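Here it is, the structure, as structure tokens.
Think of it as A, B, C and D in the order they're written, each chain with its own count starting at 1.
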Amino acid sequence: MTSGRKKLDKVTDLASVVNKYVTDGCSICLGGAIARESVAVAREIVRQQKKDLTLMGAAMTSAGEILVGAGCLKRIEIAYFWIGVVGQGFNFRRAVEQGVPRRPKVADYSNFSASLRFLAGSMGIGFMPTRSLRHSDIIRYNPDIKTMADPYTGQEVALVPAANPEVAFIHVQRADPSGNAVIMGNLWNDPTLARAARKTIITCEEIISEQEIRTNPNLTAIPRYCVEAVVPLPFGAHPEPVDGYYWMDQPFRRDFALRSQSREGFLGWLQEWVWDCADHNAYLEKLGARRIQALAAIEKRFRQGMAR
Amino acid sequence: MKKAALKYNAAHLMAARAAREIKDGETAMIGVGLPLAAGIIAREVHAPSSMIVFEGGTVGAKSRRMPWSISDSATSDFALAAMELWRMLGDLQAGYVDVGVVGGAQVDRYGNLNSTAIFGQGSYARPKVRMPGSGGANDIASSCGRTIIMMRLGSRNFVSGLDYLTSPGYLSGGDARARANLSGGGPALVVTDRAVFRFDGQDKEMYLAEIDDPANLEAVRKLVGWPLRVSPELKKMKPPSAKEMEVMHRLDPLGIVLGTGAELELEDFEKYLGVLERNFPDEPLSR
Amino acid sequence: MTSGRKKLDKVTDLASVVNKYVTDGCSICLGGAIARESVAVAREIVRQQKKDLTLMGAAMTSAGEILVGAGCLKRIEIAYFWIGVVGQGFNFRRAVEQGVPRRPKVADYSNFSASLRFLAGSMGIGFMPTRSLRHSDIIRYNPDIKTMADPYTGQEVALVPAANPEVAFIHVQRADPSGNAVIMGNLWNDPTLARAARKTIITCEEIISEQEIRTNPNLTAIPRYCVEAVVPLPFGAHPEPVDGYYWMDQPFRRDFALRSQSREGFLGWLQEWVWDCADHNAYLEKLGARRIQALAAIEKRFRQGMAR
Amino acid sequence: MKKAALKYNAAHLMAARAAREIKDGETAMIGVGLPLAAGIIAREVHAPSSMIVFEGGTVGAKSRRMPWSISDSATSDFALAAMELWRMLGDLQAGYVDVGVVGGAQVDRYGNLNSTAIFGQGSYARPKVRMPGSGGANDIASSCGRTIIMMRLGSRNFVSGLDYLTSPGYLSGGDARARANLSGGGPALVVTDRAVFRFDGQDKEMYLAEIDDPANLEAVRKLVGWPLRVSPELKKMKPPSAKEMEVMHRLDPLGIVLGTGAELELEDFEKYLGVLERNFPDEPLSR
């Protein structure tokens, strides 16, 4: 934990944080999954050609598919990896089944046990017990899962090791410049991830003032002392949704799923939406203002009457 | 089918059948797709104070749109609570969730499930087919009060041996699960598109309890990868009621989940928007 | 967990829930400490002469002093027991030092480790590891604390057993009739206590509608499925404060501390504020409308500009 | 004291001295009373971007009133965040808290503390004096980046052996703490009303580093229950500055914490209200 945590103004940009904090061979985790999934971050990691990363998490959809398809991942420690509804995780399948473009080592967990790894990591302890996992092949094929007798009851429990990834990217609705972050709706394990990672980067739809944060401290999901940098990144989860901000772009997801059925199709998609877009702004321009505004408008319409 | 109005497909049949297993007042942990349809039908038709919770951590949403995943905005629309994933699954492990729905690509005679990999000639590390993995299925199967297994009855998915056991059912049968320090009660039944299976009270082996048409008995036997026991009181699966069908049509206007085929409209962004707007019901569905 | 959890209208009254759920010899925990401390509940437990209770918690002030002074407690598992600022925990001292009116067995923990017991309990597991406790006499005198080598790092950690008290009383600002509860400001471990207890009773300053709960699900600290009963109990924490609702009554606390310096003084206080008040309403009447309104007004003045 | 305006008591001296140990940008976990006064002075005088967190789970409050406990409403007034206690202390164990303040009724030469019980002729189960217990002190002493010990220097509290070790300092000295798998660094110094002590870099024994008046050296030696080492560079404790005194007067108008004696006004409810209202500052103090 460096002095970055101690600054009051941590605002910077996406290319800089990916360049600075994601090093070849490091471990990362991405906040959200469907809700607030860090898809723009995944595209930037690909754009900067980061290599040999270990991805830790519970579930991942678009962001994971982009990273595994682009060959950035050496290892995946996760419970669920797929696109869902509009199609399968074809890049994940190709990587694991055929080693194309490379075969990452996969360590399977369940959603709960994968989450407990971050809970342990967030508290600076080495492991956490659970009643899940024991009676399955998850434990058989994952040597990092151990068992022990609960010393109080004598009953067997499984243990999972703490996860402390080197970097976490967490996309939120709102944050102040020092990193106090508000998450609306689906939280996933993000308050816990923010604490478990060695460096936590907040990307956000909007920067708000510290004053606004102070009006309701119970809404702050992540306090500034765990945060290294803050990046304004509107529509940073597209085509996934952000509760209260924009709805899923299913046609975009479906196009991704259809094209990624073949390796060539996915490479074409990658050319079009990653390599040919210099940055996130270029990506949004390509999507078009009409499209992103419509996704925001439909979300607002469905959420009318809820706190914002 | 007595009336032409009650035209239904396999998805409708499964969702309606599973729905009837959810009781009033129960807290149900449910994934998206058919299980969610089942949960919503239960709430709207016969179990008004049942409540759906999602692994993503939201409780009792009341949305005007169909969730397409366990954590999209529709799962938090006017929800009663939103918590972290570990907390929700901790609540599951602590016994607060009465019923859950799980599935998989393979099931064995004791209700153990595989949603991780089909090995084929390969192995776990290099499987023929890699699937998404457990997600919360292992946790739900381990800790939920009881589970409903939902899956199609295909030619190779009711197997005598799983390639990979993702989610525990009754393990090796008999009292194996009872001895296993799992807080959940295990699978209550298996709902498929052609039949419903239950588990023997003693040895916990799956048996045929309901069938779409008794004439199909031999066909069903052939699909199952072990010598199938049949209940002496074999029943006919009850088709979806008009009320159940009405709820399903209302909740999935795009037909994405229930396969009524609005796929074309997903291709084009403007058509997608149009469908969302046309199908914006005035009254929110309760979840 | 009975069917009480499954009802939609759980509203009842204080005397009934204490009578029904607190049985002689049972284990209880009380939410809050200073903030939202369940002081009215403690008075009612005394009034109903409940005996041989085990009190589990992290910290306790007025509510604990009343219970221990009235002789209701057989065992105390806690990290901190005192009045603070205006005086010592004289009843606690008399009980432990002199056995007056009885000597409860005390099991000491630290705030963190006491909290982890409820976290374990809330998740249905038997224990939780911590780096605290090992190098102290807390572990020496508390046989329920064990140690083990972390199987991943080999380093020694302490283990504390799960706490699953039979009843939890949690005083909150707002709840709907089915038990969805909103806590503002200081949370203590109350969302965790609510899950760890076999039966959880919510007492609240205000009953609000389910509709209001639904406007911001991220503010719900306790979901209805852990709640057995809901009791409207305005000023239920007096003389302790409730964030956003009323401020501390320091003169009342000081009077309590001064009088409880002697056993006779405390018994006089008990007569005046417990035995001579038929119920919580009688207590509030005795306090007087002027006093409770002033405490509410001063709190609102200090919180002007915050969300309510 | 150069000016009459700078009249201060022992509490003021301790709070101001401890404050100077808190650095800009640091996150400080602080109890109420003198430690809190120290934290607020730091923030207002020399460390504007330091931030106070309370065990109760609130972060960076900005209140117009003085908190009287670690969890009253003043600790959440306009706070930046509010979380559960276990989470805040989990953050502590994970290393997010740079500095903490602890105290006790007894301290030994290695900075170990007792805030649980004075045994006298009795025992842990039947002590002469029972105190509140650890609260968060054991956790802060175990895991905080470094700690500041604050306590009065009395005739019997700097002892050669503790009755009960509540909160670890350097344990038995030397590398005992380094070998103990504690994430926190241990005590940096001990601030009392008459002197400041630090710890030897090698054997970790406490030594006298600052004193209120060098003429009191023998008196201080007599109060300490072991042969006290004295720094060859013994300094005089710096009294509170005008700015520090101004902050203290502003934050504790009732004198409850700093002992300037408004006790009488607490007796009567109307007077209590009056004092609160008179001392309601227009500008909130930053925490």
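Assume contacts are C-beta pairs under 8 Å (C-beta built on N, C-alpha and C of every residue); 3 or more make two chains touch, one makes a residue touch a chain.
Just so it is clear, the model here is predicted, and its values are computed rather than measured.
Q: Determine the set of chains touching chain B that also touch chain C.
A: A
Q: Looking at C-alpha means, what's the farthest chain from chain D?
A: B
Q: Suppose each chain is reduced to the average of its Cα coordinates; what separation in Å results between chain B and chain D?
A: 57
Q: When the centre of a chain is set as the mean of its C-alpha atoms, what distance in Å lies between chain A and chain B?
A: The mean C-alpha positions of chain A and chain B differ by 27 Å.
Q: How far is the middle of chain A from the middle of chain C, if each middle is the mean of its Cα atoms, in Å?
A: 38
Q: By the touch rule stated above, which residues of chain C touch at least two different other chains?
A: Residues 124-125, 130-131, 155, 157, 184-185, 187, 191, 214-215, 217-218, 305-306 of chain C each touch two or more of the other chains.
Q: Please list all residues of chain D that touch 2 or more other chains.
A: Those would be 58, 76, 78-79, 82-83, 90, 93, 143, 183.
Q: Between which chains does touch occur?
A: A-B, A-C, A-D, B-C, C-D
Q: In the complex of these two chains, what residues of chain C are touching chain A?
A: Chain C residues touching chain A: 124-131, 146, 148, 150-153, 155, 157, 159, 161-162, 183-185, 187, 214-219, 305-307.
Q: For the complex, which residues does chain A have touching chain B?
A: 32-35, 58-59, 61, 78-82, 84-86, 89, 92-93, 96-97, 99, 103, 106, 108-113, 115-116, 118-119, 130-138, 141, 155-157, 184-192, 240-244, 247-252, 254-255, 291, 294, 298-299, 301-303, 305-306
Q: What residues on chain D touch chain A, complex-wise?
A: For chain D paired with chain A, touching residues are 25-27, 49, 51, 53, 58-60, 62, 76, 78-83, 87, 90-91, 93-97, 143, 183.
Q: Over in the complex, which chain B residues touch chain A? Could you list them?
A: Touching chain A: residues 32-33, 55-58, 63-65, 68-79, 82-86, 89-90, 92-93, 116-117, 122, 124-139, 142-143, 162, 164-168, 171, 177, 180-183, 256-257, 266-269, 272-273, 276-277, 280 of chain B.
Q: Would you tell me which residues of chain A are touching chain D in their complex?
A: Residue positions touching the partner: 1, 3, 6-8, 121-125, 180, 191, 195-196, 210, 213-215, 217-218, 220, 222-226.
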